[in-house]
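First the structure, then my questions, so here it is.
Chains here go by letter, A, B, C and D, matching the order in which they are written, and residues are numbered from 1 within each.
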Amino acid sequence: MNPHLGRKLRYGMVGGGPGAFIGQVHRMAAALDGEWELVAGAFSSSPERCREQGRLLGLDPARAYDDYRTMAEAEAALPDDSRIDAVSIVTPNHLHSPVARAFLDAGVHVVCDKPMTTSAADAEDLRRAVERTGLVFAVTYNYTGYPIVKEARRQLLSGRLGTLRKVVAEYSQGWLTKRLEEAGQKQAAWRLDPAQAGPSSAVADIGSHAHNLVRYVTGLEIDAVFAELASLVPGRTMEDDASVLTRFAGGARGVFCVSQVCAGEENGLRLRVYGDAGGLDWRQERPDELRLRFPDAPEQRLTRGSPYLSAAARHATRLPPGHPEGFVEAFANIYRNAGRTIGARMAGKEAGTLERDFPDHVDGVRGVRFVESVLRSAREERWV
Amino acid sequence: MNPHLGRKLRYGMVGGGPGAFIGQVHRMAAALDGEWELVAGAFSSSPERCREQGRLLGLDPARAYDDYRTMAEAEAALPDDSRIDAVSIVTPNHLHSPVARAFLDAGVHVVCDKPMTTSAADAEDLRRAVERTGLVFAVTYNYTGYPIVKEARRQLLSGRLGTLRKVVAEYSQGWLTKRLEEAGQKQAAWRLDPAQAGPSSAVADIGSHAHNLVRYVTGLEIDAVFAELASLVPGRTMEDDASVLTRFAGGARGVFCVSQVCAGEENGLRLRVYGDAGGLDWRQERPDELRLRFPDAPEQRLTRGSPYLSAAARHATRLPPGHPEGFVEAFANIYRNAGRTIGARMAGKEAGTLERDFPDHVDGVRGVRFVESVLRSAREERWV
Amino acid sequence: MNPHLGRKLRYGMVGGGPGAFIGQVHRMAAALDGEWELVAGAFSSSPERCREQGRLLGLDPARAYDDYRTMAEAEAALPDDSRIDAVSIVTPNHLHSPVARAFLDAGVHVVCDKPMTTSAADAEDLRRAVERTGLVFAVTYNYTGYPIVKEARRQLLSGRLGTLRKVVAEYSQGWLTKRLEEAGQKQAAWRLDPAQAGPSSAVADIGSHAHNLVRYVTGLEIDAVFAELASLVPGRTMEDDASVLTRFAGGARGVFCVSQVCAGEENGLRLRVYGDAGGLDWRQERPDELRLRFPDAPEQRLTRGSPYLSAAARHATRLPPGHPEGFVEAFANIYRNAGRTIGARMAGKEAGTLERDFPDHVDGVRGVRFVESVLRSAREERWV
Amino acid sequence: MNPHLGRKLRYGMVGGGPGAFIGQVHRMAAALDGEWELVAGAFSSSPERCREQGRLLGLDPARAYDDYRTMAEAEAALPDDSRIDAVSIVTPNHLHSPVARAFLDAGVHVVCDKPMTTSAADAEDLRRAVERTGLVFAVTYNYTGYPIVKEARRQLLSGRLGTLRKVVAEYSQGWLTKRLEEAGQKQAAWRLDPAQAGPSSAVADIGSHAHNLVRYVTGLEIDAVFAELASLVPGRTMEDDASVLTRFAGGARGVFCVSQVCAGEENGLRLRVYGDAGGLDWRQERPDELRLRFPDAPEQRLTRGSPYLSAAARHATRLPPGHPEGFVEAFANIYRNAGRTIGARMAGKEAGTLERDFPDHVDGVRGVRFVESVLRSAREERWV
């Protein structure tokens, strides 16, 4: 249960109907630690599918709503001891902003999938709404939930690798190698439809993860970007491949290689950072290990769960080393920390430092701005 | 919720007090898919700690029992729509048998940690009780819950690697490199105390996992074993290291390398099997991949979640390839399948083939017998 | 011995004095197969060190020359049955062009380290000289000598990975993380001195290898480049880091990540190529294996020496699989093939197809042009 | 050239006719550093093939002898400044002993392939002959020539991993998965013919390498062995698979897993050693790296060529880190050191400590005795 409230946090979900991948991930992530409880939802644009999903999840039928507006109003009208404390938004991108607004206005804390919105202007609006209401707003940049990513951040902050010089971030997937969007694959269809995805496909979908990861781990600010976007699959109009060069404040340089048409790649997010005293290397597909390299000393391999890790990494860990944790556990770390921060705020307390370690509305705004800069640079073929 | 019952399965837990590692794993595994619900427990030999754990888990205080006997009786007396359907037994080994008996007698299905019992005679007794009552009995040999282990089994059953010739199973850990049992580490203390662990330490703890894995994946029957046990840490009396050679029915040979004093190893369970047409290699620490090797063709790396995998492997998978699943997810597969088989039985239905794929009392008996044979061979320094 | 001549090929060396790294590599590469014999040299700008090296290598003292001009003249004046057939040029870059000219003019075949020259104009001059004289000119882009790189080329040529879409080439080293050029490290000193290295440091030194590798393996022509160069080590004037985006004829895109200040990296040359039917991945630090990835089939790992490889890969192999070959063996493949082509030409014969597989003056020119384009794009901050 | 003699060492070869694998390896290993020169040979039991090989290698036809006895006599009769200093014996096992005797009697230093002989009695005889003549006798247990294996030895000698407790050595190959001995494969034919191979096949061929490696790296003495041998390929009479348990003096335990029928394995020699302070892991197929593991600190990966390595490892290295060295280079280290020790002895000097680091007749005897013990234990099914 939520330690600040002495009960589970009650939440509702918008999106995540039967068969939707990311909704199911959010539910498993919320369930894992027994601190969240799903009690309501508006799971689909089809009322029938909403009700079906409510049944499958064992919800009270009265709380399987036809649409998110009804849900926001109805939940707000419920008594304190039963209405939802928070909402999870797992819809296509274009709905993030209106749904989030509706629930913030209803006094409900928000967990929202990334990217926060499809335009920087909307993101700014949302940020102001969050600040005005004083509610918690978490963005599920889930890769920063990995314990070893938290360790990477601490290693860099500690100065052990010296002054940072170079960042190489790659995110290579292959799932869009074929025109799935024509083949009825639902996720591909909306991600490659500007009306639902917004103006960017690959960059908004996975480039934004890489950007957030770099930001979280290194703390570096981007001064300028140069980008090249491509639609490498014939007939596709939105970008499925992007290369972005960056100049960071302070002089470090970066390369972002982002693609969804690297045939045969699965979910190849990787981050390498080099300072003047050493480098680090992390791969999402082997999330439990971090490699540190040094000019004149052996490479070190740090593993999740080990006693020598930082408090932040240990806080985010459930199992001993050698007992693999994965994607859901990292995702659950966003939920656990967001939930505890929500619980603390509801209880009028301050959440602990380690509990406040999750991506929020400020990270969300930063991500949307990165996407916009990349689009502009590619269009103008120059550094912006 | 449990699809055969249309509600969550209610379960209680024996053992798994505050700070216990494996109890927490069982609870996460049960929670992950939203098909099990914890409603009762006798978590510790200390009534106070029982109550504390009940509070932390948000249980009804009336169902945080002082001891397992009270719990079995009290739950049996509850009405059908509230009493537990099943019990999870996560105590030290010596209690598995009496606790399981108590709940079987009370008509409660059982999920029991391995090894099933500390003697083959007890295991046989338990098996008879299971058969008599018609209840479900699952043993959490959790490593066979990995989707890719299921794929390994299918590859071998399909005959693709030919007639089996050689099995190399290793389970190397390093956590008992120091005398933790003297240092107040609770798990080490009971695992190296024959009164609680039974006559074997390393073999019963992790050798039994390796044995079950070999059995599950290859289907081979052991004809004879030769074993060498050692207590490599000075002052220790129970074995912390074991090497076991095996002769399988049909002529194949096996080697089991089991140790808990391989300093620096984490949880190094690995299985290699060679037939006359190829070999396979699986490592628990990279559980999402299976390597197949062939005499005159490139090595293949199969990854969890891929479309080319067998139905059994796909059934056990929650995420696409490249999105790592881990230890808890594999453990949850035991719970999900056991729970569905329980649900089906309660509903008077037959569970599906894929749902019946979990280790049961027969596997449990087999495991205890393996341990006994190993002990005897080592004592007599000969093949038995 | 050289199979076309029935004797070893006699060669001299320019550069490669005591302690020089690359000269020793050339000598080992030439010695490995017993087809080349070192008989003369002008190893250093210091006559004393020339003589010392001649002594250490067991040369006839009369053929340890004070400088390359004397050597070219004196060797040309020797009788046919003793003078050198070929020369190896292993000097700093600025000398490649004059030394090569001197020996071509003397009728001597040339093996020259890369880059061929320090300007495209010089490279063109040299190309004309080669064509005029009809002599063999090999450039030691040694990484294309690896058998598995040859296999990669054949896999792509065969169309197995479909139409090419994306190339990711990286060459990450860390040896220039500190200002070795100030610390008296000889190789660093000349590579970061424009008078000896030419106008480019990192790009000419290792970017040119990456470029040649991409060209050799994919056959793709570059239409345009966008480059960002940086001197990431304070106080350094030449570039030690480069990122290059490329547009290939036909629409494929490329990224080249080149750096010599990735602290802790050793010799991280890696090539990934993706087509619409699959991708390949090769890493120089594990040169004996090639990974092929496919959208809906297991990854394959091809290993050097295996019977299923192409004739070109098998021709370049000396040992069975599992018996590692390395850098020297790949380098020796350049020597063996260049030597056989030289031998065949001297014998008035045609070398076999597999024997003509080594980088030549045309590749050399292409490489120098790539360096010049990169420098120009970086200067002008635009696609060129 | 040989630094102690100021000229190359002249050697002859017995065995290694056209197409023989290991003879060619010895020649490349001897050629690599330019310190050995092949001048004579008796390459085959067929005089014709002897002459053909002599021609192909560019030998003086007078020194391509019909058989090894003629060669030993004729070379002994040549003047000091032309006769061979040493002989390489690369024949099937049964000839090692008589050939070695003939050349020792002729005052010629010996490099002999492993195992030294086919019986311990013969090995003892040979050892006495070596001691009597004062000649150098090297046995090409080539895997101890890897620089990183030398580093492993130094790490253990330094006590960094504490008191040794456990050794796991495996040597898994797959090349004998099929009955190549029936298919005319020459090497398989003699290795599985007791008249040529001696009483053991897999153990003598590769088990002896594993044994030497363990001995070299750990220095441990074996007190007792228990072995299980098997002929896993139907119709084969000699063993193609062996499992050996060992008890070392001082209480450490060992497991040797040796097989040539692990379908799909290439040359899988691997050594793991665990002490009470840490463990090490080395794999021949990635020979340039050594992993050190510790109970409470990150795993370290040491790489060949790095400045932090021991003098012995650096002495054995030709290239910087990241520039892979392989099998031939390790083999060449045996030749270089043996050659320098021979040269020193011929020059009446003492070779340096690092130069005397190669396997000699004492190691050879030890290896043959290991094979005999294993055979006896397997026959008697008990510890011996």
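Methods note: a contact is a pair of C-beta atoms (placed from the backbone, for glycine too) under 8 Å apart; a residue touches a chain by one contact, two chains touch by 3 or more.
Please read these numbers as outputs of a predicted model, since none were measured by experiment.
Should one ask which of A-C and B-C has more C-beta pairs in contact, the pair is A-C. The greatest centre-to-centre gap from chain A, using C-alpha centroids, is found for D.
The distance from the centre of chain B to the centre of chain C, each centre being the mean of the chain's C-alpha atoms, comes to 55 Å. Centre-to-centre, using mean CA coordinates, chain C is 34 Å away from chain D. Per-chain CA centroids place chain A at a distance of 44 Å from chain C. Residues of chain A in contact with two or more other chains: 265, 292, 299, 303.
On the chain A side of its complex with chain D, the touching residues are 292, 296-303, 306-308.
Every residue of chain B that touches chain D in the complex is listed here, in rising order: 161-162, 165-166, 168, 170, 172, 174, 177-178, 226, 228, 230, 232-233, 241, 243, 245, 247, 251-253, 255, 257, 259, 261-265, 272, 274-279, 292-295, 299, 381-383. Only residues 1, 7-8, 21, 24-25, 27-28, 31-34, 38, 56-58, 173, 175, 265-268, 284-287, 303, 318-329 of chain A touch chain B when the two sit together in their complex.
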